[in-house]
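Chain naming follows the written order as A, B, C, D and E, and within any one chain the residues start at number 1.
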Amino acid sequence: MFTQIPLTILLLPLLGFILLIFFGKKLPRQGDWLASGLMLLALIFSLVLLITKLTSYPGETISTSFEWAVVGEQTISFGIMIDNLAAIMLVVVTLVSTLVHYFSMGYMKEDVRYSRYFAYLGFFSFSMLGIVLTNNILLMYIFWELVGVSSYLLIGHWYEKKSASNAANKAFIVNRIGDFGMFIGIMILFFSFSTFAFESIFDSIAAGQLPFGSTGWLTAAGVLIFCGAIGKSAQFPLHVWLPDAMEGPTPVSALIHAATMVAAGVYLVARVFPMLTADALLIIAYIGAITALIAATIAITQFDIKKVLAYSTISQLGYMIMALGVGAYTAGFMHLVTHAAFKAGLFLGAGSVIFAMHKVLHDMHDHHTDAQDIRNMGGLKSKMPVTYWTFLIFTLAISGIPLTSGFLSKDEILAGTLAFSTLNGHWLLPLIGFLVAGLTAFYMFRLLILTFHGRPSDEKRISAIQESPYVMTIPLVVLAALSLFVFYSFNPFGASSGWFYAAMERPLSIVPEMLQPASGAVFYEAVSSVHTPAMILSILIALGGIFIALAVYHWKKISAEDLSRKAGVLYSGSANKWYFDDFYNKVFVGGLFLVNKSMKWFDDNIIDGIVNGSAVVTQGFSAISGWIDDNIVDGLVNATATTADRAGGLLSKIQTGKVQTYLVYIFFSVLVLFVLFI
Amino acid sequence: MVEQTLYSITQFYPEIIVTVTLCVIIVADLLTKKESHTTGWILLGGFVLAGFTLLLQVGRNESVFFDMIAIDPFSLFFKLILLLAGIFVILFSVQSRELDQYMNRIGEYYMLLAGMMLGMMLMVSSTNLLMLFLAFELTSLSSYVLVGFTKHSKRSSESSMKYIIYGAVSSGVMLYGFSLLIGTTGAVDIYGINEALAAGTDQTLILNISVLMILVGMGFKIAVVPFHFWAPDIYEGAPISIAAILAVASKIAAFGLLIRFFSISFADAGGISATGAWQGVEGIHWNLLLGVMAALAMIVGNLTALRQDNIKRMLAYSSIAHAGYILMGVVILAAEGLTSVMIYLFIYLFMNLGAFYVAMLFSNKIGSESIEKYKGLGKRAPLQGVALTIFLVSLTGIPPTGGFVAKLYIFGAAVSAGWIWLVVIAGITTVISLFYYIRVVRNMYFYGSESGNDPLQFNVWSNVILLALLIPTLLLGIYFAPVLEFARNSIHLFGM
Amino acid sequence: MIQWLAEPGLTHFLIVSAILFSLGLMAILSKRNVIMVLMGVELILNSANINMIAFSRFTDLGLDGQMIGLFVIIIAAAEAAVALAIVLNIYNRFRSINLDEISLLKG
Amino acid sequence: MEFSIFGIGILTWLVFVPIVGMIIILMLPDKNRNAIRWTAAGATGIQVILAAVIFAIFDRSKLGINDAESFQFIEKYSWITVEAVPWVGRIEINYFLGLDGLSVLMVILTSLIALIGVISSWNIQKMVKGYFALYLLLVTGMMGVFVALDFFLFFIFWEVMLLPMYFLIGLWGGPRREYAAIKFFLYTFVGGILMLLTMLALYFSVAYTDPATGQSVHTFNILHMMNPANYVEGGLLAGVDTTWRYVAWMALFINFAIKIPLFPFHTWLPDAHVEAPTPISVILAGILLKLGTYGLLRINFPIFPDATIYFIYFMAVLAMISIIYGALCAMAQDDFKKLIAYSSISHMGIVVLGIAALNTQGMVGGVLQMFNHGIITAVLFLAVGVLYDRTKKRGLYDFGGIANQMPKYTGLAMIGMFAALGLPGLNGFVSELFSFLGAFEAYKWITIISVTGIIITAAYILWTIQRVFLGKTPEKMSDLSDLTLREYLAFVPLIILIVLLGVYPAPAIELMNASLSHLVEFMNSGG
Amino acid sequence: MELTTILFYFFSIATIGAAAVMVFSKNIVHSAFALMFSLIGVASLYVLLYADFIAATQLLVYVGGILILILFGVMLTTQGRSFDYKTITVNLVPASILSLGVAALLIFVFVKTDWMISEVAEPDQTIYDLGMLLMGDYVLPFIIAGVLLLIAIIGAILMATRLSSQSIKNENIE
């Protein structure tokens, strides 16, 4: 059972993909039922698997593998591994995926590439499940990239839009940069341990083997592998792709760019958690913290509904990473799960709104108004009740208000950071954690208020808004239900007593002792001692954030304009996403210009290279190397040829046609030869 | 004394047949109708007959006519390929349109050709300096006149005159060198000279001078730098058939002469070096001298050929370069070098004659020897175009053509004897040679014709002759064991 | 020195031949008239002949030297005949027998 | 392993079937174009069948490389033998063919790509007869190189490719074809001369003792050259780590580097690719470039293990430069074909990096990359060819929105491009992975720098996809038809291989695993 | 001072002097006659070297044959146009350097060389011995020389006579 079911789960979406890509257009309804049905089946299997796992084999890790290739003496095996982490993740993925499938049936109804869309969804699900199920870091890397490519395809689904294809490229390339690090990490591991399987790697490390015999390299390997997570989970400094990825269809954003794929980075860190040294974990924690802060500060000033959610996603991902970094393993992973539900819900809710707005704008033949800009909304509460109420639940959950799932996980994370600072003195981490909690509450309520409350921005438009069809609202309801505490722990104020905590024990660190972080026991003791103050603080801060949001946007006690004016630099920095994109563009394009100016003298064609905006410092180099190719390498060859030709010309001039001249040459050469040889 | 003379005559049938044919032609020329190539066919028959009688001498290794002539495998090899070249040149001449207007003198043409052949056959077998000089002069005199055969052409006349002046001076200098050599050693045949030198001499200064002077004459005949200046002018001016025989047969004969002369008189038979190369007599650096000349020939020949537009002139420079390659083999001389030279010459015969032949066919049809005028010919004359391509590729030395095998053996010999610098020069110049050979090919195929697109018609016989040259060129690139065997068995010089 | 001068031996003849050789060379290289050049060639051949015959007189070469001399004279005659015929032809074509004016072929 | 048809060994058939086809084509009348095409297709088709037979019965466990006994399908006939003469000894050139794990994959690749080349040549209209005759000659040359075990034979086949290629580019190519053709010819010819000289030096340095007669025989047999015991005392290349051996290695290396092409010997490639007609680009990138790396493995490595190890670092650095440099240059191109040409340089750099690792992973990765790159670039060039046939344009900026016009074509082309980008699940990834893994073991930093190449690769491939396939369709491109049946025939087998080998590469790896492991062992034991 | 010494110097100086006149004279007819004297001088030297037959041949063939031929050549090629008999020089500087260099070199070498002198007695007669040699050892060269002369005659006639055919156009192939 434990070998067939996971494989079935894995292959069902792939089957859907293959059937749809080849026969999609010929099937009735372009095969959406097929994809969704297969996904639902996968969900059912996953649930069965999870329950069986937790009830019958709670502490075991079950894995199987088969031989993939034999190189030299080494056998490279691929296989699947089911532990509690994987089983839970499996349900998360299949669940969100199924819901998104159904949602999409409504949302994407009119799309020209409807079957292609579902095919890609299936392909994504397959790849994502692959990441979850694999027992092997190489196979994980393989699926990692496949997830990347399906994300690329889905972001670029509306590829007629230049912005969409740009965003797709950006997502893929930025991810590749992260993967580059991960790849090197994998190479280090393979070089050291001659295997890709997680278990064998861990066994070797536990046995005291170190890459290149140095502890530094072990840390480096961990950090390099974490690079993959930086890319995929949009952590600082590679977070820039995720907001752009919102060019894709909104359900895709919900599935890929909120719930599952971006969480894969967190999953990866959780997977390799035992081999991370204390140093590596500290780096991870700070990266997470910085990401959380930066994204949260950006989110407060955005007006695009999806952008706000995107930055919020980044921020929450930062939370999770930070949690893992400080050692709050269970809390971090739990936040992944809870976040998957409420953030998917938020995106789908936003999708519902956008869908409605779009329809109205389309009916009004208004092509200028941005359907995603919250300033064009307002007062939707009555028009879209289901969407509104579910959205409210999600918002409460993300803000960390008690009785929601979000409260459970976020509270544990904050407690974890606090505990970490008490152990290690890194007080910055809890500070950021609490600050971000407040900011989250603020910007989420800002979003909620501007969208659903208040006066409609345009009566005529808003009055035409209609609630979305059931196929879209039902997933919202399901997700809203899942955002309540009860699914995770029966105690609304303590997650640690729930089944989740029982199932997800923090694994033991297997790195050499001197490199180990504070052990689980020590850490949990510290956590329990700071738990109550942390909980109270977090509730207060969340409420504070909500209060300010209400004050500014609902009661209008404080003018948002005033506030932004007073914040000055801070406001503009936030509104401009802290200039990350501009910085990347400026540095690279500026660098390119500098190179270019000096080279223009040689070659005008290089200007072509500038056209592509984003990551183009490379193009500067490429222009240089192109020039080298044309002028130096070829030039040498051509120069030789020219010299030969010139010499030929010179020699044929000697041939004057006058026989006596020839005779002079002869005797002269004879004399020369005589002198030379005698 | 008389007995030996009589015996010698029995060993001398090929030469006698050629001489008799010469006389027959003189008579026939008086009797037969002018304006026909009857005399040519007679000469062809004579050559074939001579070839057959030559085969009777296989395996002989002796000296006849009082040490004047050596009948040995070496000379047999050379005589055979010379006769082969002669036969091809007669076949060319029969078709040449250049000679058409001189049909009433065609008898003389073939007489001179016979004389030239006799001279060349004697050149490769003479062992006496006087005989050698006589043979040399016989060849030269006939070729001086043949070059100017189309005497109403200014160019032909000019080349004839340049040739005789150049040749007379060169042979004069050579004769002077001979006189010094004879005086120093007291012998007139090469064995005597070797004996005298091997006994030890301290007269290296005068010997070196005489070697240099002798090289002037021999270098002139093989057209090697710096004695090559005549070649381009004379090839360009001469009728193509004669240019072909000069580039091929005359050169081959001169190599035979050179090899026999140096390997017997100046080589220290006992002193083969570790690398298999011959040691010269102490103090006389003739092989280094030849090496330098070979290098110069390869460089100058190939570089100058880059700029040529007249195909005969281009081939002239190419043949200078080839003389350099062949000379590389002579430098090593010992068995390796000798074999490689002979293989090279054998293959060179086909490929170079082939190139000249196609040039002649084209010249017959389009009336031009300019490479620029070859544009589009690849399509207008497919067989000839392909054939010329293969000949030129072979001259470049690219497999699977004979030219490659030739180069392979020469390079191999040089490598094995340790003349690496020479081989490197040869390699570089081979690359250079690609340019001018491929230019012809390029013009034939890559451009449209500027003078009509109608296919050129060639008669069956011309195609047969073409194939007779083409097939060996290709075949020798793939299976050359017989030639190799033949050459290997022919390296025995009488007296070595 | 005087002694050496007073007894003309091999070397003396050789020196005569060397001088004749270089005079011939001079004529060949510097005279633009073809016939003068041919005369220069004859001088060279003669100088070689002097060598041969001197060697046959002073060394144990014997009559071989004279024999060669004899043949060289024959060859010289034949060469001269052909050369002059060619010169005549040249004259008919170019109306000139100046070597430096006859250079259609070059390059 | 013996396998013969009509008493003639299978490898001989494999090599000379195209020649037979060529002769038939030459005898067919000019007008009968279809017969000519079908003859060519038939000849290459037979090759594919033979290759399939070889694939089926090839013994995966035999070692090959330097051991004559464990080669398979051996055919060895005396070709040119001249009995001993003083000072020289016997001369021997053999017609010696055989397969081992190193060459078998290349043979399969060659036959496959050759057939696909014929299919994509179907619409060549100019001088059809000459085209196919030369094409088949070229195929013979390539196939011959991969199966020859006698250096002389190897060299002959090597050079046989020159002229057909020259004409195929020069006569059927684009506007600057003449320049491209001569450039190609010149570069390869220079390499050929270097190889010739080295070959001769080897020949004279190597002599084995004929067990039958006890004679010392000079030989061109590559396997004999690998045995240090066969080197003649005092021979030019005798000994270990001598200057002359380094020089000889370098000469051979330059020859092969030109073919690969490795920076800085690469400049002929972009020109040749841009000007060559599509099928010839396919052949050029698909097979011809592999000859270079194959030559390194077959000749440079086992004959000169000492020199190889001496220069190995240098090789790895050149490979690194090629990877980065090729990718950067590719990024700067706006001509589709040129872009692929530069990407080939980058990808072949990976091959060299892999084999320079001198360990099994690297070697396997390198050889697999040769095979995979052959298939991938073939797809890419076919893709360009399809567009070029329809629009007569190759500039990246000329296109856009092709995905709407030709969705099926786009799908197939994109699989090819993703494979080039090294996407896991497609074959390019597997070989790159093993190459890098192997290389990492040997050169940490060089490999790390090289791996950045895959980021650049992703960038230029994605931009290409964006410019060509995505976006809005320009007006003038609004009536492009999707793939025809013939084009499918060319594409689909390759795409299937791309996916198949990407998912499960074991069938390819097991073919060569034993041989390459043996080669590594042989190299590391110093020969 | 012996008679032979005096004769040697006399004839040598005459020969060289005449040759010098031939070379440096501006008038071609003068040169031709100077050559004649030079050749006669050479013949005289042959006599001094006991080579009476060769000397006679020299006189007959050279002075009687070749020189007449040369004079004919001069006459035939100077007909028609007004022709100045001046012979203009070219390459004067290199020619002088080379000639002087060669002369100096040769003389230096000749003096330096240690010749293997063996005094030969004055022979009674050379004609008989030469005749025997011609019929014996040198029979082949003798015959070949005949062929050579035949070829020379054919060649000379071919080159010197005009073609009778009218069909000939003066066609140059460029």
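Some points to look at:
Assume contacts are C-beta pairs under 8 Å (C-beta built on N, C-alpha and C of every residue); 3 or more make two chains touch, one makes a residue touch a chain.
Keep in mind that what you see is a predicted model, and the values were worked out from it rather than measured.
Counting steps between touching chains, the shortest path from chain C to chain D takes 2. Where touching is counted per the definition, the chains common to chain B and chain E are A, C. Taking A-B and A-C together, the pair of chains sharing more C-beta contacts is A-B. Among the remaining chains, A is positioned farthest from chain C, on the basis of C-alpha centroids. For chain D, the chain with the farthest CA centroid is E.
A simple rule picks the central chain: find each chain's mean C-alpha point, then take the one closest to the mean of all protein C-alpha atoms, which gives D. If each chain is reduced to the centroid of its CA atoms, chain B and chain D end up 42 Å from each other. Inter-chain spacing, taken between the CA centroids of chain A and chain D, is 39 Å. Rounded to whole angstrom, the centroid-to-centroid distance between chain C and chain E, based on C-alpha atoms, equals 5 Å.
A separation of 27 Å divides the Cα centre of chain B from that of chain C. Along chain B, residues 130, 134, 137, 141, 144-145, 148, 151-152, 154-155, 160-162, 165, 169, 183, 186, 205, 209, 232-233, 307-308, 435 each make contact with two or more other chains.
Among the residues of chain A, those touching two or more other chains are numbered 652, 655, 657-660, 663-664, 667, 674.
In chain D, 186 are the positions where the chain touches two or more neighbouring chains simultaneously.
Interchain contacts (touch definition given at top) occur between A-B, A-C, A-D, A-E, B-C, B-D, B-E, C-E. Listing the residues of chain A that touch chain B in their complex gives 641, 644-645, 647-649, 651-652, 655, 657, 659, 662-663, 665-666, 669-670, 673-674, 676-678. Contact residues of chain B toward chain A in the complex are 161-162, 165-166, 169-170, 204-205, 208-209, 212-213, 216, 226-227, 229-230, 232-233, 285, 288-289, 292, 300, 303-308, 432, 435. Listed in rising order, the residues of chain D touching chain B in the complex are 79-82, 85-88, 91, 155-156, 158-160, 162-163, 166-167, 170-171, 177-178, 182, 185-186, 189-190, 192-194, 196-197, 200-201, 203-204, 234, 236. By the touch rule above, chain A contacts chain D in their complex via residues 21, 67-74, 138, 141-146, 149, 152, 156, 159-160, 162, 165-166, 168-169, 172-173, 176-177, 180, 183-184, 187-188, 190-191, 606, 608-609, 612, 615, 618-619, 621-623, 625-626, 629, 633-634, 637. Those residues of chain C that touch chain A in the shared complex are 25, 28-30, 32, 37, 99-100, 103-107.
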